[in-house]
C-alpha cells in the first residue's frame, strides 16, 4: 500500500494563543481547530499533515531536522521569528523540501519590521492576510509544490 | 434566480506574453489557459470570473472603476506596476471590494525593487511564488473574502 | 476684443470618483461641481478655465503638450502620479507656463511615499489640504502668477 | 453685536527683514505691507487679523498659548523653525484651532533640509511658493477652515 | 480575604550573572538580592512579586503565557532580547496586562543596536540607567499602572 | 543645621498647558499639582525641589547654569526640545550633577522623530510613559543618584 | 534577396518636443531630423530602422511586444520612464533581442532621481550625454550587438 | 578720520562657561580672556571687535540683524546651535557680510550629530579644533575676507 | 601534574547537519570528524578541547556560563545566530576569556544580512571562508591568545 | 600643413591584462589590438590618438596634466578608479577639454559599488557595455564633441 | 627536482612601520621579523614565501600582475587600501589563484569605514585580529587552499 | 645654536595646477607663490617650512614616513585624497606630530562627497574656505600646536 505524502505544518511563538486572546485581531478559531481543518483538507487532497507548535526557536529547528526523510513539504507560520531568525531560515533551506510560508495577518499593513521576512527567500512562496484560510491555501500550495505527487 | 458573485481578475503589463516567451521563468501555461482554469474553478466555488489584461496603467484603472457595483472582489497580478503605481493602489482602495494580490514568482527572490508592493497595503492579502497556481489560490482567497457569500 | 487668459486645470487618476466614493476622506463635492465652481471663480478673476481628467499618464502629458500656446497657466492635481511620474514632471517643465500644484488632502499626514512630490520642483508653488478649496486657491495662485495679467 | 472671527498671523525668524534685504529672493514687499494687505483682505472676508513676528521660538510659542480662546485660526510662516522646532509643532497642536502653514518660497526647490516641515502634520494644509501672495491665500484658506464661520 | 495583586518580574539572558562578573559595569548586587529587595518593596506597596530568569527566549514566552490570569502586571528586563525578539514583544502584547520595561544601564550610551527596543511599543513605559534601582522604580511604575488597585 | 539636597525640576515648552488642554493625551493633572506632589515626595525622601518651566530653550539653559553649586541633581522633561536641542544637552553635560530625563508619554509609541532623545546620552537614565508618575519616579531616581546623600 | 536587419528605435514621453522647446537644454534638432539621420546611418551600416514615439508607457510596451520576430535589436530613449517603469523593463527583457539605452543628456549631471536607470540592467549597454549624437552611437552599438550580422 | 572696520564676534549657548567648567575639554581660558585677546589682535590688524554671547537663539539672531550696516564681518562660534538652527543660518545669510565659523574642538572627533554644520554653507570658511586659538585664526580669516580693507 | 588549558568549541544551529546535507556548500566533513580533528590538533598544541552543539540560543548561553572557570578560551561558530543574537554576544563578553569567531563560508560573499557579525566586536578575532580548516585555524588562534600558556 | 586634433585615450588599472585573462568576461581582444583599432578609426575620422595605460592613479593624473595644450579631448576607461578617485575626477575637470567615459562592461549589471561613477559628472557623456566597441564609440563621441573640428 | 609552491605575501601602506611606531596598537614585532617567521613556517609546510611591501596602490597591483604564473597563492594585508581600492580587488580577482586576506587588528572593533572590506568578496577567506599571528594563520590557510598541493 | 622647528607642508593631487588653470575657482596665486609666502611667515613665527607636492598617494605617504624625526608638525591639503584615502589617514596618525588639515575652498559648499574628510579625525583641526590664506592660517595653527615651542 502506498503511503500518502506527509506535510509538516509548523506554528511559531504565540500561535498557541489563537482563538483565546485578542480575537479582534486574530479571530476566534483556535489552533486546534485550524489543525483539524488542515487534517480534513489534507485527506481530501490525498496527503497527511503533522502539526507542531513551539515558542522555542531551537525546538522548531530541531523539528525541521527530525522531519528529514519523512516530510514531503513544510507549511510554516513562524510568527515573530519570521523577521528575526536566520537560523530558522537556514534550517528550512537545509530541509530540501518545498516550504510554504503563511501568515494570518497581512504583514504589509503592520509595523515596518514585519515587512521583511527572512524566510521568504528560501520558501517556494508566501501567503498572507487571509486569517485561518491562509493555512488552508498554504496546504494547497504545498501540495501543488510536491515534486511528484499522486492522486491529483 | 440568484446571480453568482462576480470576481474580476486583472492582469497587468506583459502578462499577455505568458507561455510564449521566457518559459524557463514563467512556465508554459498561457494566459488564456489560466483564465480558462479560473473560470472552471469559479463555477466549482459558485462564482463567475471576468478577466482583463492591459499593458496600460490607465486602462487597468478605468477597468477597476467600471467594475464598481458589478464585481464582488478583485484578484490582481499587476506585474511591474505592483512596485510603481500609486494610482493603481488608489483605484483599488476606492473599489470598496476585497482585493487579493497575486504573483507568479516569489518576489522576495528577485531584484530589491520587487520586494516592495505598493498594492499590498490596500489588499486583503497576498499570494506569490506558485506560478499559475497563485491565481487559483488567489481566486479561492477572494471567494473566501466575500462579505456574504452563499453555497459554501 | 481682448481674450481672457486661459488656465488649464488637470485632474489625474481617480479624481473622477470625487463625491461618489469614500466621501469621509474626499468629501461629497463631485468633480463636475469643482469644475463649475472654478469656472465661476475664473470669470470673477478675469480668466477662463479649461478642465481635463484622465486616468492615463500619457493622456495627461498629451493634453499638456496640446495646450502649448493656448494655456497661460496650469493648475494640476496629479493624484497618485504626483509621486511617481518623472514624465509628467518633464512635460510640465516643458510647458513654459506657471504651474500650480494642488491636492485635496494634506499629503504630509498620509503615507510616507506621498510626502515627496516629483512635480513640486517644476511648479511655482504647492497648495494642499483644503479639500475642494485647494483648487480654488490654486486657481487664484495661478492667476496671480500670470506674467502680465490684466484686470487685477 | 457679533464679533468677527480673529485670525492670528505669525511670522517666524528673519521675516522682519522682508523687503529690505535680499529682494531678489524675497521680493520688495515689506512685512508691514503684507500685514496691511492681510488686514484689508480679512475685512473683505469678514474677519480680523492680528499679526506677530519674533526671532525667538519661545516667544512664538508664548504667543500661540496666549491666543487660546481669542484666535479662531492661525496662519503661520515659521521660517527656519519650520524644519527644526518640535516645540512649535506641539504648541500648534495644542492650540485646538485650524492652522494654515504658509511659505514665501517653494521649499521643494531649495536645500534638502527645507523639504521636511515638522509643522505640516499638525496643520490643515500648506501653501508655498507664491511670495507675499502665499499669505493672502493662506488667510483665505484659514477663513474657509473656520468651523462655523459667518458671512460667507 | 483579598489577595494582593501579583506582579511578574522577568529577567532575560545573562542577568543571572549579575554581581558575580563585570561588576564595574553592572555593580555588585546579585540577582537574588534584587529579587529580595523587590519582594520587600512589593509588600510595602501592597503587592506580591514572582520572579523568573532564563537565558531562553522560548522559556520567557512560555512564562508570560502561563502568567495569564494570575499576574496583574509584568516588569521585564529582557537583556539582549530587548533588541531582537519580535516573539517576546508579541507575547507581552498578548498578555493584556500593563508591562514595564526596565534596564540596568542607560541603553542610549551604549552601542547603536541597543538604542532600539522592540518591546517599548507594547509597554506602558520604560525605565533605564539606574542600576538595580531601575527594577525598584519599575515595580513602583507597574504598581501605579494597575487598572484598579487597592490600598494606595 | 544640615541643608537638604536641592533637586531642580525643569519643564520644557508647552508643559505649562498640562491639565487644561488635550487631557485625553496628557491627563487632567496640572503642572502646579505635579510640582506640589514633587515637593511632598521630596520632603519624604529628605530633599527639596525647585521647579521651573519655560517655553524658551535659552531660558532653560540659563536656569541650568544658574543652578550650578546649588542644585544637587536635575530632573528634566524637556518636551519637544528633547529631540532637537544640542545646546540643552551641552548645558546639562556641563552641569556636573546627575540628570534624570522624564517624559509623560511613551515616546516609542509616537512619531519617529520622538524616538531619539539628544539628552539621553548625558543623563544617568530615562523614565517615560507613566504620566505624572514619571516625574515622581524621576525624583526618586535623582535622589538615588545623589553622590553622597543622607537619610536613606 | 536577403532582408536587412531591422532595428527598432523607441522614443519615450516628451521626446516629440525635441527642437521646438527648451533648445538650450535639448538642442535644435527635431525628432524627425534625428529619425532621418538614423535612417541614413542604418543604410550605411546595412540595416533598417523603424521609429516610434509615444507619451504612453503602455503604448511603448505594446510596440515592443509587436516587434517580436521582426526587430533584431532595440535602441531606446525612454525619457522619464527610464527611472520609473518596471513594466517597460520587463517588456524589454522579454523582447529577447539586444537593447541599447540612449539619453540625450548626461543623466549623472542632473537630479538624483535621474541617476538610476531601471532599464540599464536589461540592456547590453548605455550611452548618454552626446545629444542627438547619442542616438547615432546607439544605433552603431545596436548594430555591433546583432548576434550574426552581415557586411561588417 | 577713517573708522576701523568692525568685526562682530558671536558666542552661542554655553560658551559663557568657558574656563570655569570641564577644563579638561575646553581649557582654562575664560570667555573674557578670549574676548580681550581678540580685541588686541584686532587692533594689531587694524580693526575693532565687538563681542556678544547668548544662550538664546533668538537673541543671537536679533544681534546679527542689529549689526546690519555697522559690522563688516562676523566671526561666530554657535555652539550647539551650529547643528540645529536653520534660523541662525538664515540670519547669517541675510547679513550680507563675510561670516567665519569657528569651533574650539575638532567637531569631526565628536558625536556624529556634530559633524554637520548648518552654518558652513553660508560662511566663507570654517576653522575648528585649535581651542581659543580657533577664534584668533578666525579673526584673521575674517579680516582677510573684508571686501576692501586698508592697512594690510 | 599540570592540567592542559581547556578550549571550549561551540557549534550553533544547523551545524549538526554538516556533511550529510548540502555538501556542495558545506563540504562532506561531518561535525564529528571536525571535532575529532580538533581534539588531535589540541593535543599537538598542548591543550584540550570540549565541544558542544545546539540549535537553541539559550542552551549555547547556558553552556558558555557553565564554562566559567574551566574554559581558558572559546572558539565559536554561531551559525545564523552570528547575525541576530545580542544575548549570545553578551554571554561571550561576560565569559572573560579570549573568544575566536569562525565560519565555514566566506560571509562576505553571501547575503547582505550575513555581512554583519554581532559577535565580532567581543571576539579577539575572526576567521572565515576556509571550510573545516577555519575551525583548525581558529583553535590555533585561540591557543595563541591564551594569556599565559605553557609549552609553546 | 594643419595638424589633426589629438585625442588622448587613457586606460586605468588592470586594463593591460585585457585579452590574456578572464576572457569570458572581458573578451579576447588585447589592449594593443584595441589601441591599434582606435588608431585606424581616428585616421578615418581625421584625428590622431595617443594611448596610455597605468595601474597608478598618480601616473594617470600626471599624464592628464601633461596633455594640457596638446590633447583636444580625452577618452578614458579608468577601471576600478572610476568609483573611487576624486583626484582623477579633479584632474579631468581641470583638463578643460571634452572627456568621454567608457567601460567595457555594463556597470549597472555588476556590484552596487560599480553603479556610481565619480567621473561621470565631469565628462560630456558615458558609454558602457559594448566591450572593445565601447572604445570605438567613445572615440567617435569624443570626436563629435571637439569644439571646432575640421573635416567632418 | 620538484619546486615548492610559492606564496606571495603582500603588505599594503604603512605596514613598513610595524614595530617601530604605535606599539600599543600594533605590537613590537617588525615587518622583517614577520617575514622571517613566515619564511620558516613556509618551509615547515613545504612552501616558499615571497614578500613585498609598498605604500603605492599601483605598485601592489603591478606586483600582483607580475606574480602571474609564479605565485600559487596570495596572502595580503592591504592596510587602508582594504576599504577603498576597487583596483586592487580587480587585480586580485584577475590573479586566478587563492587569495587570503589578513589583518593585524580586529576591524570590527574599529571605525565604521573599516568594517567593509572591498577585497573580501574575491578572497577565499579572511583572518583578522590576531596581530602577527594573523599572518601565520593566513599562510596556513593559503597553503590549505592550494588546488593540488603535495607533501601535506 | 638651536634649530628652528620644521613644519612639513604637503600638497596633494592637482594642487600643482594652482594659479594656471580654473582661476575663477582657485584664484591666480600659484603653488610656488604660496610656498614662498609660507616660508616668510614661518620665519616670522620662528619656524621653517618644507613643502612637497605629488599626484601620487603613495609618494605622499612615503614623504610623511620620511619626515619622522625631522618634522615637528604637518600642514596638509590632500586635495581629492581627503575624501578617499584611508592609507593617508593612517600615515598621518602614525606620524605622531600635530597635523593641520587645510583646504582652499569651503568643502561644505561643494558636492556631497566632499563633505566628509577621512583625515579630520586624525588632525588637530581643520581650516577651509579662505583660499591661499587657508595655508597661512594653517601654518599659524600648526605652530600654535607645537608641544613645546620657543620664541613665541
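Letters A, B, C, D, E, F, G, H, I, J, K and L name the chains as they come in the text, with residue numbers starting at 1 for each one.
Note that in this section a residue touches a chain if its C-beta (ideal position, glycine included) is under 8 Å from a C-beta of that chain, and two chains touch if they have at least 3 such contacts.
Note that the structure is predicted; figures quoted are calculated from it, not measured.
A.B. asks: Based on which chains touch which, give the shortest step count from subunit I to subunit L.
C.D. replies: Contact-graph shortest path, subunit I to subunit L, evaluates to 2.
A.B. asks: Can you give the rotation angle that fits subunit G onto its twin subunit J by Cα atoms, in degrees and rounded to the nearest 5?
C.D. replies: 180
A.B. asks: Express in whole angstrom the distance between the two chain centres, defined as the mean CA positions of subunit C and subunit D.
C.D. replies: 24
A.B. asks: Subunit F to subunit K: how many Å between their CA centres?
C.D. replies: 56
A.B. asks: So, what's the distance in Å between the C-alpha centres of subunit H and subunit E?
C.D. replies: 49
A.B. asks: Taking each chain's centre as its mean C-alpha position, how far apart are subunit A and subunit E in Å?
C.D. replies: 32
A.B. asks: Touching at least two other chains at once: which residues of subunit A meet that condition?
C.D. replies: 56-59, 84, 121
A.B. asks: Strictly by the criterion at the top, what is the full list of touching chain pairs?
C.D. replies: Touch list across chains, by label: A-B, A-E, A-I, B-C, B-G, C-D, C-G, D-F, D-H, E-F, E-I, F-H, G-J, H-L, I-K, J-K, J-L, K-L.
A.B. asks: For a test of understanding, state which residues of subunit E touch subunit I in their complex under the given definition.
C.D. replies: 12-14, 16-17, 21-22, 54-59, 79-84, 111, 113-114
A.B. asks: Which subunit D residues qualify as touching subunit F in the complex?
C.D. replies: 56-59, 61-62, 65, 68, 84-91, 93-94, 96, 118, 121
A.B. asks: Residues of subunit E touching subunit F in their complex?
C.D. replies: Where subunit E meets subunit F, its residues are 106, 108-109, 115-117, 120-121, 123-130, 133-134, 137, 140-141, 144-145.
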